[in-house]
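Look for chain A in each of the two complexes below; its partner is chain B in the first and chain C in the second.
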Partner chain A sequence: MNLIFIPIVLPIIAALALLLMCEKTKYLKELLAIGTSAVALLAAANIFLLPVQAVSYAWLGTGITFTLRADNLSAFLLLAVSLFSLAISVYSFSNPNKGPAKWFFFNLLMTQGFAAGAALADNLLAMLFFWEGLLVFLYTFIALSQTTYAAKRTAMKAFLINGVTDLCLLAGITITAYIAGTMSMSEIAQNKLTLDYGWSMFAYVLLLIGAVSKAGAFPFHTWIPDAATDSSAAFMAYVPAAIDKLLGIYFLARASIYLFTLNGTMQLVLMTLGAVTILVAVMMAFVQKDYKRLLSYHAVSQTGYMILGIGTLNPIGIAGGLFHMINHATYKSCLFMTAGSVERQTGSSDLSKLGGLWSAMPVTVLCFVIAAAAISGIAPLNGFFSKELVYKGTLDTGYTIFFLAAELGSFLTLASFLKLGHAVFFGERPENLKETKEAPFSMLLPMLTLAGICVAFGFGARLPTNWFISPALAGMNIPHPLLSGFHPDKLYFVSVIVILAAVANHMIGLAIGGGKPSKSSDHIHYAPVLKETYAMAERRVFDLYEVLMDRAVPAVSLALFKADRFFDWAIDAAPSRLSGFFGGTSRRFHNGSYPLYMALTLACAAVYILLAGGLK
Partner chain B sequence: MDKGLLAYLLIPLLSAVIIPFAARNRPKLADILANVTLLAGLANLAWLALRPSIIRGEFADIPGDGFSLLLVAAVYLVALCVTFFSAWFIEEGLPNRSAYYSLILVSVSAMCGVVTTTDFFTLYVFIEVLAVTSFALITTDESGAGLEGALKYFFLTFPASALIIIGIAVMLMSLGSLSFESLRFFMASDLPAGPVTFGAALMLLGFIIKAGVVPFHTWAPDAYQGAYAPVSAHLAGIVTKVSGVYAIIKMATLLRFFDGRAQALSEMLMFLGLLSIAVGALAALKQTNLKRMLAFSSISQVGYIVLAAGLGTPLAIMGAIFHLINHATFKTVLFLNSASVEKSAGTTDMDKLGGLEHTMPWTSWTSIVALLSTAGVPPLSGFWSKLIIILALWEAGLKGYAVLALLFSIVTLAYFMMMQKKVFFGKKTPAAESSPEVCAPLLAPVVLMSGLIVALGLLFPYFYVYVKMVAERILL
Partner chain C sequence: MDLPVKMLTMAVAVPVFGAFLVPFAARISTPVRNALAVLLGLFTFLAAASLFTTVLGGQTSTWMLSFPRGFDLILHADLLSVFMASVSAFVSLIILIYSLDYISHYEGQTEYYAMVVLFLGSMMGLVFSANLLWMYVFWEMTGFCSWRLVGFFRSDKDVAKANKTILVTVFGALCMLVGIIMVYFHYGTLDLRALHGQPISLLAAAFILAGILSKSATLPFSTWLPDAGVAPSTVTSLLHAAVLVKIGVYAYARIFGVTFAAPDAFSNAVLYIAGASALVSAGAALIETDIKRIIAYSTVSQIAFIFLGLASGNKTAFVGALLYILMHSIAKGGLFLCAGIIEQNTHTKDITRMGGLFASMPLTGVAFALCSLSVMGIPPFGGFFSKYLVFSGAAQNGNLVVLLMFLAGAVMTLLYLVRLFYKIFLGEPAGHDCPKEGSYTMVASVLALAVIGLALGFLIYYPSAYAELLTNTLGVNLQ
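On to the complex of A and B.
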C-alpha cells in the first residue's frame, strides 16, 4: 500500500476495530487510539519529508478520479492534523469528562482519517467526500460526548449550520468544476479562474462560505460556544480549536490563492469578514464567565486573523494567515486542555467558583501562561510572529482601518486572558478547592508538548516559516520575501502599547469590580450602549441559527404541514370519497329490478345501433 | 371449422352423452368420467403445445392460428378445475348430479366449437348452445336466487341472440358469405364498407351483451351471485369470456381496427371498455356480498380486454389475449375460493365474515395471489397483461385512456384489499369460529391455478413468444 494511504485508512480501520471491543476493557481502547495516532503521525512526517507525491485511481468516471496529492501545503496540514490527533489521544487517556471512551475514540479516529483525506485530496469531489464525512462525525462527536438533551440540541445545531454551508460548498465545487472543466485542483491551478463574470464569482463565494464556516468564522460560529458548554474539553481542543481551523483555513487558502485570482472587491470582502469576526467574537469572549465558553469565542476571534491575513492577498499576509493557523491550533488546543484539566480536578469551569490554583496545579498554570501569552501576541512567542506578519500584510494593502481593528482585537484578547488567568489561577482559592491536585501525567504531557511548541515556534520562528510556510507558499507559486526574523520596528512598539493598555484596563476593571477578577470585565460589559447589545446577544438575537429556528422554522413547518394535509386530502381523502360516492350510487342502481335492467339494455342497444348506423 | 381441433369438441360431447347412462346407478362414476375426459384433453393439449421441440421453435409448429388452441386449453383447464372442485363440493343427495356433469361437458364442447369455428353462423349456433347450457347450469341447486339469476341471464341476453342473427342476415345479404376469411378480405380491400360493417356492428353488439360489458352488464351480478357456487366460477372464469369476449377480440381482428377501418366501431368499443372498467370497479368497492363483488370485478376486468380489443393494434390484441387467459386463472381462483368460504362458513356476506386466515390459510393465501394478479402487481401474470394493454394505449397516443386504466387498476387493488381484510384478516367473527379449512381436493384446483398465475408471471418471456405468434397469425 502506498504510504499516502496510511494516515487516512489506518485511523478508520482502527476506529471500526474499536467498535468491536468490549465496553469494559480498560486502557485497550485508549492504547489502540494512541498507537494508531502515533503511527499515523510517523507516516505523515515521512510523507512530509519525501518529495511531492500523488496517487490516482479512476473513481466515478468522466473526470472524477480519486486523487490524493501530498504537495507542500497538504503535507504540512496532514502533519498538523496527525500531531493534534496524537496529542488529544494522549490527553484523553485518563480524562473521564470525554464521554464513553469507545465512542470518543471512534469519533476521534474517524475525524482524523477523514480530515487527513480532506487535506490530501487533490480532486475536488474526493475532498468533498471527506469533508462531508467529517460532518457526520462532528454530529456524533458532540451528541455522544454527554447524555444531556443540550448535547443533542447543540449537535443538531452544529450539524445543520455545517450541513447548510457544506451544501454551499458542494454547489460551489460543482460550478467551479464546470467552469474549469476539471475537478483536479492542481489542474485548475495551472490556469487559475478569475472573478470576471457572475458564475465564477458565485462559485467562489460558495467555496468561501464552505471554507470560513468550517473555520468557524462569523456568522457561522454560533455552535462553537454552545458546544463549549455542552460537550467535552477534549472535543473542543480537537475539533473546533484544531481540525476545523486547519481544514477551513487550508481550503480558504486553496480557493483564494490556488484556484482563483481574486480582485480588489473580494479582497475587501475577505478582510472585512476577518475584521468583523475578530471584533465581534472577542467582544463576546471578553465578558464570558465560563472558562471553556470564553476560550471558544477566542477560537472564533482568532479565525478572523487568519481570514484577514489571507484576505490581504499579499505574500506576507498569506504567510501570516497560514502561520497563525498552525499557531492558533497549538495554543488553543493547549488552552482547552488546561480548561479540561482544571475541570477534571475541580469539577467546575465557572470563573466565579475558581481561583488561586497556581500552587495546586503548577504545570497547568505554566502551560496556560505560555499559551495565553502566545494567543495575546506577546513577544517572543509564536502568536506574536504570526500576528506581526498579518499586521504587516494588512498595512501593505493600505487599509489602515483593518490594522486598527486587529490591534483592538489583540487588546481585548489580552484583557480577557488577564481576566481569565487571574480568575482561575491567581487571587484567592475558594474553600472547597483546598484539596485540588495537579492533573495526571497523561494530561500534562500533551499540554507541555504544545506549550513547548508555542515557545519553540516563537524563539525559533525561523524553523516553522522556513520549513512549513515558505514551502507551502512556494507550492502555490507565490513569490515571497524572507519571512522570519525579529524586527524591533514600530509594530513591536504598538504591541507593547497594546499590552500596557490591556494591563491598565485590567487594573481599572478590578478596581471597579471590587477586586473580583471574574467581574473585571463588567465596566465594559455594562457600559451604556454595550449593555443592551450584550443583553440582546445573550438572548441570541444575533444568532442567525436560533433566529431562523425560532421564527422561520415554525412558520415554514406549519406551511409544509398544511401542504402535506392538502396533498393527503387530494390524493387520499378526496378520491376515496369520490369513488365511494360513485360506488354507492352504482350499488343503489343495481337493485335487481328486471324492467329497469331490460330498459337500460334496450335503450343502450338502440343508441349503439344508431351510432353504428352512421348517426354521428 | 378447424379440423385439427375437432376432437376436443366431440369427445366431451360423447362423454356427456355417456354419463347419464353409465352413472345411473353409480353417481360417483359421473365425477370420474367428467374429470378423466377433461384431464385427458388437457394432457393431449400439453403434448401438442408444450413439447420442448415446440418451445424451442418458438411455437411455429402450432396448428391453426394458435389462438384457438390457447383458448381450448383455457376452457379445458377451467372446466377441469370446476369439475374436480364439484366432485367434492356437490352434496351427496343432489338428484341431478349426472346432468350437471353432462351440462358442463356440453358447455365445454360448445366453447370448443366457438373458438374453433371459422364462420359466423356456426359461431352463433355454438353460442346459443352455450347460453342454454349455462342457463341450465345456473339453476343446478334449484334455489330461488339461482332461478332468478338464470332468468335474468336468459332474458337480458336474449336481445343479443336477436341482434347476432340480424347481423348475420345483413352480412349475408351484403357480403354474400359468412366465413371469417371473406370478412377479413373485404375489410382489407378498398371497397366502401356500408352495410357490411353495420352487420358486423350488430353482431358485435350481441357479443358485447354476452360479454357483460357496461351498460349491458346488468344480468351478470345477479347471475353470478345466484348461480350454484362452482358454476359461478365456470361462468365467470370461462363461459362468458368465450361466448362474448373471445368473439369481440375475433371481430376486432377481422374488422382490422388497427388500420383504421370501422373507426366509429373501434372508438365505441373502447369507450364501452373504459366505462366497464370504471363502473365495475366503482360498484365493486361498495358491495357487501363476496360473490357479487367478484361479479363486478369480472365486469371491470372484461373492460380491460374490450378496451384493448377496441384499440386493435397488434400489441393491444396481445394484451387482450393475455388478459383473457389471466382472467380465467385468477377469477376461477377467486370464485372457487368464494365457494369454499360459502361451504365452510355458510355465507358469502362480507359483513358477517372475518378472520378466516387463521382457520383457512390456504384459501386466504391463494386469494391473495389471485387478487394481486388481478390488480396487476408484479411479478404475477396479471401485471404483464395490464402492462401490455396500458403500453399499447400509450403507444397509440391514447394517453387519457392509459392513465384512467392505470388509475382504475388502483381501485381494483383497493376493493380487493377491502375484500381480503373483511373476509380473511381481522378478528374472527362468530361465522368464522366454526369454519375449518376445506378438504385438500377442494384446495387442489385453486392451488394449481395460483401456481399457474405465478408461473405465467415468472415465465412471461415464453408466454410472450406464444402470444406474439398468435397475434401475428390472426392479424395477417
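On to the complex of A and C.
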C-alpha cells in the first residue's frame, strides 16, 4: 500500500473504531486518537521528505479518476494538518470542556482524515469530495460540543454557510473542469485558464467563494464568533483557527496562481476583500468582552492578510500569504489553547471576571505572550516576518491604500491583545480566583510546542521559508523570491511606530476606562458614529446569514409557495369549478321539454352545416 | 424458454397474479398473508436482479405475446429496464418489510398488501414493456393502485385527495395516449426497439410529456403529490419517493433518452419547466409545517434535478440522472419511512409540535440525518456524485439560466432539509411526552436504507460504471 493513503485512511478507521468503544473507558479513546495522529504525522513527514508516487484509480465511470498527488505544496499542507491534529489530540487529553470524548475524537479524526484527503487530492472532484465531506463533521463537532440549543443553532449556521459556499465551489469546479477539459489540477496548470470570457470568470468567482468561505473571510465568517461562544476552545483551536484556514488559503492559492491566470481587476477584488476582512473583523475583535470571541474575530481578521498577500499576485506577496497561513494557524491555535486552559482552570472566559493570572498560570502566560506578540507582528517572531512579506508584496503592487489598511489592522490587533492580556493575566486577581492553579501538563505541552514554533519560525525564519514556502512556490512555477533575512528597513520602523501607537492607545483606554483593562476599548467602542455602528453589529444587522435567513428566505419562499398554490388552483379548484359550471348549465337544458331538445338539435345542425361549409 | 426469459416473465407475472392470491392467503391467517406479500416482493426483486448477469454480458432478453395490429405484449430486458426494475423492486421490498409493523394496527390490510404487490407488478410490467401501448396499460394500472392506496384511510378528505391523485394522473395519461396514437399513425408501430433513433414531432412529444409530468409530479401538475401525503407513510414512500414518481422519469429516459431523438426546443423547454419546478416546490417545502408534505415537496424538487440530467443532452448528465434515480429512491424512501415512525409515535405530522426528538429516537434521528445528507448531496454519500454529475452536465449544456436555477434549488434543498431536521430532532421540545423509538423492524428498515446510501457513496465506481455503460450502449443523440 502506498504511504499516501495512511494520513487519510488511518484516522478514518480509528474514528470508526472509536464509535465501537464504550463511553466509559478511561483514556483509551484519548490514547487511540493521540496514537493515530502521531502515526499520521510521521507518515506526513515521510511524504514531505521523500516524495511518493502519485496514485490514481478509476472512480466515477471511466472519465473521472481518483488521484492523490503529494507535490510540494500539498505535502507541506498535509504536514501542517497532521501537526495540528496531534497538538489538539494531546491538548484534549484531559480537557473536560470539549463535550463527550468519544464524539470529540471521532470528529477530530474524521476531520483530520478528510482534510488530509483534500490536501492531497489532485483531481478536483476528489478534492471536493473531501472538502465538502468536512461539512458533516463541522456540524457534529459544534452540535455535540455543548448541550445547549445555541450550539445546535450555531452548528446549523455553520453548516448552511459552508454548505451553500461548497455548492458554489461544486458549480465552479464543474465549469472549470469543462473549460479545461480535465479534472486534474496538475494538468490544468500546464495550460492555465485565463479570465478572458464570461464562463471562466464565473468559474473562478465560484471557486473563490468556496475558498475564502472555508478560510472564514468576510462576509462568510459570521458563524466563527458564534461558534467561539457555543462550542469548545479545542474545536476553535482546531477547525476555524487551523484546518479551515489551511485548506481555504491552500485552495485560494491553487485557484488563483496554479489554475488560473488572474487579471488586474481580479487582483483588486482579492486585495479589497483581504483589506475589508482585516478591518471589519479587527474592529469587531477590539471591543469584544469574551476571551474566545475576541480571538475568533482575530481568526477572521488574519485571513485578510493571507488573502491580501495572495491577491498581490507577486511572488513576495504570495510567499507572505502562505507563510502567514502556517504562522497564523500556529499562534491562533496556541491562543485558543490558552483560552481553553484559562477556561478550564477558572470556569470563565469573560474578561471582566478574569485578571492577574500570571502568577497562578506562568506557563500559560508565557505561551500567551509569545503567541500574542507573534499575531501582533512584533519582531522577531514569526508573525512579523510573514506580515512584512505581505506588506512588501502590497507596496510592490503600487496600491498604498491596502498597505495602510493592513497597518491599521496591525495597530488594532496589538491594541486588542494588550487589552486581552492585561485583562486576563495582569492587573488585580478577583477574589474567587485566588486558588487557581496551572493547567495540566497535557494541555501545556502542545501550547509550549506551538509557542516554540512561533519563536523558531521567527528567529529562524529562513528555515520555514526555505523548507516549506520556496518549494511550494517552485511547485507552482513561481519565480523564486528572496524571502528570508531581517532587514531594519522602513517597514521595520513603521512596525515600531504601530507598536508605540498601540501602547499609547492602551494607556489612553485605561485612563478613560477607569483603569479597568476590560474597559480599555470603550473610548473607541462608544465613540460617536462607531457606537451606533457597533450597536447595529450587535443586533446582527451586518450578518449576511441572519439577514438572509430572516428577510430574504421567508419572502422568497413565500412567493414561491404562492406560485405553488396557483398551480394547485389551476389543476384542482379551477377544473372542478369549470366542470361544475358546465354541468350546471347543461342540467338546465335537460328539463324534459321535447320542443327545447328539437330546437337545440336543429340549432346545432345549422351551426355544423355553416361551419363545415365555411371550412370548405 | 431459457432462464433469463423465464425470469423476465416471472418478474412481471408473479407479482401481478400473485396479488390476487393475497386475499386468499388472508383467509388462512394473517402471518401467511404477510409472508406471501413479502415473499412476492422478494421474488420480484431477485428475478429482476438476476437479469443483471444477462444485460451486463451485453445481451438482452425478450419475450413476446402476439396481438393483432402491432399491439404485441413485448417484455424486453435491457440495461435501463433491469436497472429501473431492480431499484424499484428493492425499495418496494424494504417497504413491504417495514409495513409488517407499521400497518398492523389499521383496517384494510389485505387490500393494502394486494394493492402494493399489484402496484409492484404493474411497475415491473411498465418498466419491461417495449411497446408503448402496453406501457400505457401498466401505467394506468399503477395509477389505479395508487388511487386505492392513497385513499387507504377512507375519510372524506382522504378520498378527495385520492381522487385528485388519479384525476390528475389520468388526465396526463390520456394526453400521453394521444401522443402515442400520433406516433402509431406516423410509424405504424409502437415497438420501441423498432423506433430507436427515429425523430419525433414536437406535438406528439409535448402530449407524451404531459403524461410524464403529471405522473412524476412536476410543474404544473405537481401538487397532487403533497396532497397524497394523507396516505400511510409506507404508501407515500412507495408512491412519492421510490417508485411511482420515478415512472415519469423512467418514461422520459425510455422514450426521449434511449428511443426517440427529441427536438432541441423540446429538451430546452423541459429544462426550464424542471428548473421552475425545482424552485417552486423547494420554496413550498420551506413554508409547509407538515412533515410529509415537506418531504413530498422535496421529492418534486429532486425529480426536477433528474429531468435536468435527462434533458441536458450529454452523457455526463444522463449518467448523473440515472445515478440520481438510484440515490434518490433509496434516500427519499428512507426519509418517508422515518417520517412514518415519527408520525406514528408522536401522533402528529406538524413539525412545530415536535422538537428535541433526538433524545428519545436516536436511531431514527441518525437514519433521517444520513438520508437527508444523501438527498442534499453531501459527500461521502451517494447523492453527492449524482448531484455533481447532473451539475456537470448542465454546465456542459451551457445554459447559464438553467444552471443558476438549479444552483438556487440545491441551496434551498440544504435549507429545507436542515430546517426540517432541526425542527424535528433538535429544537426545543414542544409539549410532547418524549415518544418512544419505532419497532425493531421499522428502525432496521430505515437504517438499512441510510447505510446503503452511504455505502453507495463509497462504492460509487460500480453504479457509475453501469450507468456509463448504459448511456454509451443505449443513449440517443447525446454528446
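FYI, the second predicted complex is superposed on the first by the 553 of 616 C-alpha atoms of A that agree within 3 Å, B and C clash if a C-alpha of one lies under 4 Å from a C-alpha of the other, contacts with A are read in each partner's own complex, and residues count from 1 in each chain.
Here is the rule we go by: contacts are C-beta pairs under 8 Å (C-beta built on N, C-alpha and C of every residue); 3 or more make two chains touch, one makes a residue touch a chain.
Please read these numbers as outputs of a predicted model, since none were measured by experiment.
Judged by the touch definition given at the top, the superposed model places A:584 against chain B, while chain C stays out of reach. Touch criterion not met for A:460: it reaches neither chain B nor chain C. Once the two complexes are laid over each other on the shared chain, residue contacts for A:563 go to chain C alone; chain B is not touched. Contacts of A:592 after superposition on the shared chain: chain B is touched, whereas chain C is not. In the superposition on chain A, A:609 makes contact with chain B only, not with chain C.
When the two structures are aligned on the shared chain, A:440 is found in touch with neither chain B nor chain C.
In the superposed model, A:356 lies in contact with neither chain B nor chain C.
Counting the residues of chain A touched by each of chain B and chain C gives the higher count for C. Listing the residues of chain A that touch chain B in their complex gives 576, 579-580, 582-584, 586-587, 590, 592, 594, 596-598, 600-602, 604-605, 608-609, 611-614, 616. Residues of chain A touching chain C in their complex: 58-63, 125, 128-130, 132-133, 135-136, 143, 149, 152-153, 156, 159-160, 163-164, 167-168, 170-171, 174-175, 177-178, 199, 202, 553-554, 556-561, 563-564, 567-568, 570-572.
On the chain C side of its complex with chain A, the touching residues are 164, 168, 219-224, 279-284, 286-288, 297, 316, 319, 373, 376, 378-380, 384-385, 387-389, 391-392, 394-396, 398, 400, 403, 407, 410-412, 414-415, 418, 422, 426-428, 460-461, 464-465, 467-468.
On chain B, the positions that touch chain A within their shared complex are 148, 152, 155-156, 159, 163, 197-198, 201-202, 204-205, 208-209, 215-216, 218-219, 221-222, 264-265, 268, 279, 282-287, 411, 414.
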